[in-house]
Amino acid sequence: MKSFRKELWFKTQKRREFINITKSIEEAIAESKISEGLVLVNAMHITASVFVNDDERGLHQDFENFLEKVAPEKPHSQYLHNGYEDNADAHIKRQIFGREVVCAITKGELDFGPWEQIFYGEFDGLREKRVLVKIIGDW
Amino acid sequence: MKSFRKELWFKTQKRREFINITKSIEEAIAESKISEGLVLVNAMHITASVFVNDDERGLHQDFENFLEKVAPEKPHSQYLHNGYEDNADAHIKRQIFGREVVCAITKGELDFGPWEQIFYGEFDGLREKRVLVKIIGDW
Amino acid sequence: MKSFRKELWFKTQKRREFINITKSIEEAIAESKISEGLVLVNAMHITASVFVNDDERGLHQDFENFLEKVAPEKPHSQYLHNGYEDNADAHIKRQIFGREVVCAITKGELDFGPWEQIFYGEFDGLREKRVLVKIIGDW
């Protein structure tokens, strides 16, 4: 069994943002030379998500609207976690959208359906944060 | 390390449906001959989920009611993604219920608690869609 | 490829509770002697979650408030699943917070960001329930 590890770094320009990282994951798989296995992609921070969905701008705004409806950022005072912090909503949004995805690698490539794309979901940005890519499998 | 790959195909009769796929996953594990490892089961489409819960009809209706409460299908015009498409709600429902499960294989079998069952959760059906089963481990 | 399996048992004093299990997972990794691989940690029951977030009491109360807002326990009669059972809300809460986490093991340790902690999320406690830890990888 072989393994491979890589970090991806992000600093978003907005508090909340979705970034398509599919190409970076494909590059990591190529670097790893692993042809059959699994790739784990997880946010290393607890106010961000990694998830698979569609790369469509309207849909991303629908995601934002949905998350703000069920776990609104403001007023900050509605959350016990806030005070010194103001990001309780980001912790909840990350719980809904999830920490990680695990994807299959087959014949050296991401084994994906036609519309699957991997996203980094930032809910408390404007600072440097990381995603971990861990691949295990065989050459 | 050995690996095994299989696709399961579905065409539901309704827009939203939950299908118990536990037996199909058990069959894939038997076919793979892998006795210690992990099985990844993921929707290959972005308006469907794979998840583990109970096989109880009332509960499935409770799931449907919950998802329709927090991310209702209609009116279609409430979502920016809709227009040519009408399935933004299905993308959101899939985000809540998740894309995939990763399950342990021990002594050649699904290592499950007493009530765990694997479901395909369709949120935009009436057409052919796929689930990927990827198994890695040792004989 | 090596594999390792362990169960963790819990009996909470309240219906809903979050328990930090990070140390137990670190101990399991040490016992396994696996230095590069993946660890799957999943609830073996369908009214409980395993998730990664922050160990902060105010945030945990915010989680509780959020889950009770979107999927309230009472009145029990609002759910079709209830009658002989009263835990439909616990099944839904578990769907939102997820069944499992998959974490990377690098150089014999949990490969975590600075604030990541693993929690058992109980939504229908007061009885004995289990978490499965399955590790695969190489020495």
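Letters A, B and C mark the chains as written, and numbering starts fresh at 1 in each.
One rule holds in what follows: a residue touches a chain if its C-beta (ideal position, glycine included) is under 8 Å from a C-beta of that chain, and two chains touch if they have at least 3 such contacts.
In this text, all values refer to a predicted model and were calculated from it rather than measured experimentally.
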Task: Equivalent-chain rotation between subunit B and subunit A, CA atoms, steps of 5 degrees - done: 120
Open item on the list: Regarding the subunit B and subunit C pair, does the interface count as same (over half of residue numbers shared) or different (under half shared)?
Closed with: different
TODO: Provide the C-alpha centroid distance between subunit B and subunit C, rounded to the nearest whole angstrom.
DONE: 20
Task: Per-residue overlap in subunit B, given as positions that touch at least 2 other chains - done: 1, 38, 70, 96, 98, 102, 136
Open item on the list: Looking at the complex, which residues from subunit A come into contact with subunit C?
Closed with: 1, 3, 5, 38, 40, 42-46, 70-71, 79-83, 88, 91-92, 94-96, 98-100, 102, 130, 132, 134, 136
Open item on the list: Per the contact definition, I'd like the list of subunit C residues that touch subunit A in the complex.
Closed with: 1, 36-38, 51-54, 56-59, 61-63, 66, 70, 96-98, 101-104, 106, 111-116, 136-138
